[in-house]
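Here chain A shows up in two complexes: once beside chain B, once beside chain C.
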Partner chain A sequence: MDIFDIFLLEAVLNGLLLGGLLALLSLGLNLIFGVIDVVWICYAELIMCGMYAVYYLYVVYHWPLLLAMPCAIGIVALLGVLLHQFVIRPVLTAEPINQLLVTGGVLFFLQAAATLVFGIEFKNLGVALPSIVVGEMSFSASRLVAFCVALAGVLALYFFLKRSYLGIAIRAISQDRAIMPLMGVSPARIFVITSALGGALAGLAACLLVLQYDTHPAIGLSFGPITFLICVLGGLGNMVGGFIAAFLFAQFISVGGFFFALEWGYVFSFIFFIAMMFWRPQGILGGK
Partner chain B sequence: MKYGALALLAAVPLLGIGNYPLHLVIQVLLWGYIYTSWSLMGRLGMVSFGHGAFMSIGAYGVVMLWNHFGVSPWIGALAALTATAATAFVIGYPCFRFKIVGHYFALVTLALSEVARLIIVALRDQTGGSLGATPNSALTGDASMSLAALQFSNKIVWFYIVLAVWLAGLWIWRQVDRSMGRIALQAISEEEEAAASIGIHVTRAKLRITMISALMTCAGGVLYAQYQLYINPDSVGGIAISLQMVFGAIAGGMYARLGPTVGAAFTLLLAEGLRYAFGNRFPALDTTIYGVILVLFIIFMPKGILGAAEQGWRKLTAKSPARA
Partner chain C sequence: MLSLEHVSAGYAGFQALFDVSLEVKAGEAVAVIGPNGAGKTTLLRVISKLIDPTAGEIRMEGGALTAVPAHEVIARGIAHVPENRRLFPRLTVEENLKMGSFVPSARKKYTENIELVYKHFPRLKERRMQLAGTLSGGEQQMCAIGRALMSGPRLLLLDEPSAGLAPVVVQSIFELVRRICTEGYTVLIVEQNIRQVLKVVKRAYLLEAGRIVLTGSANELLDSKEIQKTYLGL
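And then the complex of A and B:
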């Protein structure tokens, strides 16, 4: 029974580490939705682009990893701006569902273009961080790093939005889009900045994911859905709710995967999600 | 003219066009039927990303019952349809009751797609997991068809089956289009509260169309499995297939009866055309171009190919009397 408990504890702690990463993943999407009121269905594909950027800069062009990563973040931030300017802006006044669908088209495009340009092979960064062994439990260091960086990213964004002038403008726009232009804030500019910020967060997530997973064109599909569901569960646009939801989901995946197979962990988390939607459709922290 | 075109279509196999072109026509009709099923809901403001689940219930339902229990696909199809109705109800009723619409509806149904796909993968001992499954062949010796097992080696037989189902789909579309329920749903999609205030039972109206759409999609899954004789979780379900339905319908135009079929023909011709032009040198070129086209469509032509063509035609005919 002792052994059993320690493995369960390991699963719970691993779930906690995964939760940090998922929280970061959902953060950018939540920011975009909260401010621009658009769901980037292709968000996970932007992360994939970031992973390829790190891979190519580091493995193919032999840049130092610590230089390649900020560059990748910059590239994805730029992609976010391009996405907003060329795809989202034309449909900003269209029906909301069209905005969802148009980014779905981008999803197809990015995924296929990645296959076309990079091929379907799995690309491994070849950076192996050691495992950390505590008692009988072992944790991968890359997960721990991801967890810490993700938390730092979450905190940095929080203080940016709370304290800086720009952050206050962003929050103001998200609260009332119609009034803020009268106060001298240009929504168009804020939208571009938010898109860049959302892209940068996707880039940061890419840097952390590339340490743990092989990059391939379809990788977006493997963690895209869960990212959306976390955002919806937390209440779309509600960053604190998304943060909590990320940890809930991660526990379902990790502990469910511990008792059964990994897929069952996902199945349970999705069923949990559907049940929660009926109980609190506005999200765990959403207002009525 | 309509019946002439239909007669021409029905005569396609008699032209002796060979197996591969016939296969393409069957694919267009089958996917056209599935996209039509999706559009029944989609055009009334219920954008579902969950139809992959219904299709995979149909496909895996019949194949699993046949392979493991020897149940005829006819009975299997009934079982799958029952399971689909139950699933659609369990998801649909709370969604409509609690007014989960728009983005939220799309994302809840997306979760459903993933649940179905993951369950199939997780039950890999029974379903073959990601590697997929093949229905056991019922064609022994030189038999070319087995009605009980719904297996036919002759593509012409399949052509007529799929043609009939496709026509049935269009007929259902017309029946729905002419019903009071459709008008009610249109009112709901524009202003749900207002529709409820004039006495429309919102939940019931939405649930009814969802059931029709889900059951039709499930039947499409059954046909797909029996025709292809190979299914895997990504070819009959999951997000990829759900999105394919959504975008196929949108590209063709989900507001017109033949729009989804035009979408199916368009996407298939695009893929085949590019393969013909470039061979297999550029494996994902068709999807890349398709993605760009989708984005352009949604921005500039949200009513799809057929919708835009109809609009253009109406403009032309409206102008001509003024000129005369």
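And then the complex of A and C:
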């Protein structure tokens, strides 16, 4: 096999690994939008909070990493609930633009609060997983771990939504909110549970990102926008669409980065996004 | 079993029910008939607490429902088949039925209840993996009634089960309602299709402009001059 092909294959496989992580990132946001019909603009900032939680528990308080991570997931799940109860609930029936503005406000609040409390320096977990070398290709182990955990998270959520009473109620409520009480379901309670779930997914993403990236107050800006683009490309609120879009995006970034430079990968993926928006503004699998 | 005493209710700036009193005894099938806009749907929505009464008292088996939140009414033994069926279109038939048994007491009896529903509606069993939105109108009505039966109710509220269905399907739906009434369920049914529904129930109330204006046995109402002239076109 030509050496050129090996490195292309490496780029494709790396794109696949990145795709799993991006799919997980888009999942929580899609879940919240699909069920509650509100966009958490501050979603990436919740992830930032989770990254800080892992960092502080592990580095500062010397907790074992495998204890710090579930705890961080719990913290972000709680943040999701607080966000819903105190910010979203009062504007649940308000104009969409007002809902965007309040969650956008939370974005700046969390960024500023993180700067005040944690400072602007980059915090590194100091955990370096080795590279895995297969023939002439090399992959980062933390990416492989992220891919596997992300995929497991996606599958777990899928079966939860497909099989459990609560999961079916979460899907049902997005189809007909008004008659849920006739099923004995309190919509307010489902919204709180969904918010906790969305928060927990953000927390899980935080645990995987903190292995690969340094934490700083503006880290949300480096993957928040791409998360939104993936959700919109897949069809906002459509989790399967988001899943497909995540892998498409990741290939553009990875393979585009292989042929040119990494930055060009992002340029290509955004060009692809814009072109798709002309062709299918409702997203790959979006309705209407 | 169910009683309403002097119940008034409405929506913001609009009163739909005025001083309504009615009673449904255990094992009875009772209809509320009346023209479009009389407040029939509102009446059922008040009973299942989707809207709160502004005055009066609602009781189910002796317990007051007036202060019970909507999502706890089903645990009191009341299942409501809403107007226009309101299935979850992108859930399968079986998932819709599963939603009907969401309350803890019904979850324990899920297998038993779903077998019962499939026995009543073999068609639903054939289509159990199909999305509810792709069913025909009659099948959707079956699914909606089946979903309500999944909670193991003692009182079934049916809101216009024949609305929007083809005449031949209407026949079979009323046949179904008749069967449910004889199965020991207590039924309160709201209908515009007066001639048909009076053949199925024992007693009925005539609701006009939010007030009960006439009540009696089904036969009395069928014979009543007023009903014959206004509603049956005789």
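The rule is short, and it goes like this: the second predicted complex is superposed on the first by the 286 of 288 C-alpha atoms of A that agree within 3 Å, B and C clash if a C-alpha of one lies under 4 Å from a C-alpha of the other, contacts with A are read in each partner's own complex, and residues count from 1 in each chain.
Throughout what follows, contacts are C-beta pairs under 8 Å (C-beta built on N, C-alpha and C of every residue); 3 or more make two chains touch, one makes a residue touch a chain.
These figures come from a predicted structure and were not determined experimentally.
S.K.: Tell me which partner A:Ala172 touches in the superposition: chain B (first), chain C (second), both or neither.
M.R.: Only chain C is touched by A:Ala172; chain B is not.
S.K.: Which partner chains sit in contact with A:Pro225 here, chain B, chain C, both or neither? Use first/second/both/neither.
M.R.: The answer is first: A:Pro225 touches chain B but not chain C.
S.K.: Touch test for A:Leu236: chain B only (first), chain C only (second), both, or neither?
M.R.: first
S.K.: Comparing chain B against chain C, which has contacts with more of the residues in chain A?
M.R.: Tallying touched residues of chain A, the top partner is B.
S.K.: Which partner does A:Leu8 contact after superposing on A: first (chain B), second (chain C), both, neither?
M.R.: Neither partner.
S.K.: Mind working out whether A:Ile132 is in touch with chain B, chain C, both or neither, as first, second, both or neither?
M.R.: After superposing on A, A:Ile132 lies clear of both chain B and chain C.
S.K.: Would you check which partner chain A:Leu155 touches, where first means chain B only, second means chain C only, and both and neither mean what they say?
M.R.: Touch partners of A:Leu155: none, neither chain B nor chain C.
S.K.: Taking the superposition as given, does A:Gly105 touch the first partner, chain B, the second, chain C, both, or neither?
M.R.: A:Gly105: touches chain B, not chain C.
S.K.: Check whether A:Met183 is in contact with chain B, with chain C, with both or with neither, and answer first, second, both or neither.
M.R.: Second partner only.
S.K.: Which residues of chain A touch chain C in the complex?
M.R.: It is residues 165, 168-169, 171-172, 175-176, 178-186 of chain A that touch chain C.
S.K.: Given the complex with chain A, which residues does chain B contribute to the contact?
M.R.: 45, 47, 91, 94-95, 98-100, 102-104, 106-108, 110-112, 114-115, 118-119, 121-122, 238-240, 243, 246-247, 250, 282-288, 290-295, 297-299, 302
S.K.: Hey, which residues of chain C end up touching chain A in the complex?
M.R.: Chain C residues touching chain A: 48-50, 69-75, 79-80, 82, 86, 88-91, 95, 98-100, 102-103, 106-107, 147, 151.
S.K.: List the residues on chain A that touch chain B in their complex, please.
M.R.: Touch list, chain A to chain B: 39, 87, 90-91, 94-98, 100-102, 104-113, 115-116, 120, 217, 221, 224-225, 228-229, 232, 236, 260-261, 263-264, 266-267, 270-271, 273-274, 277-278, 281.
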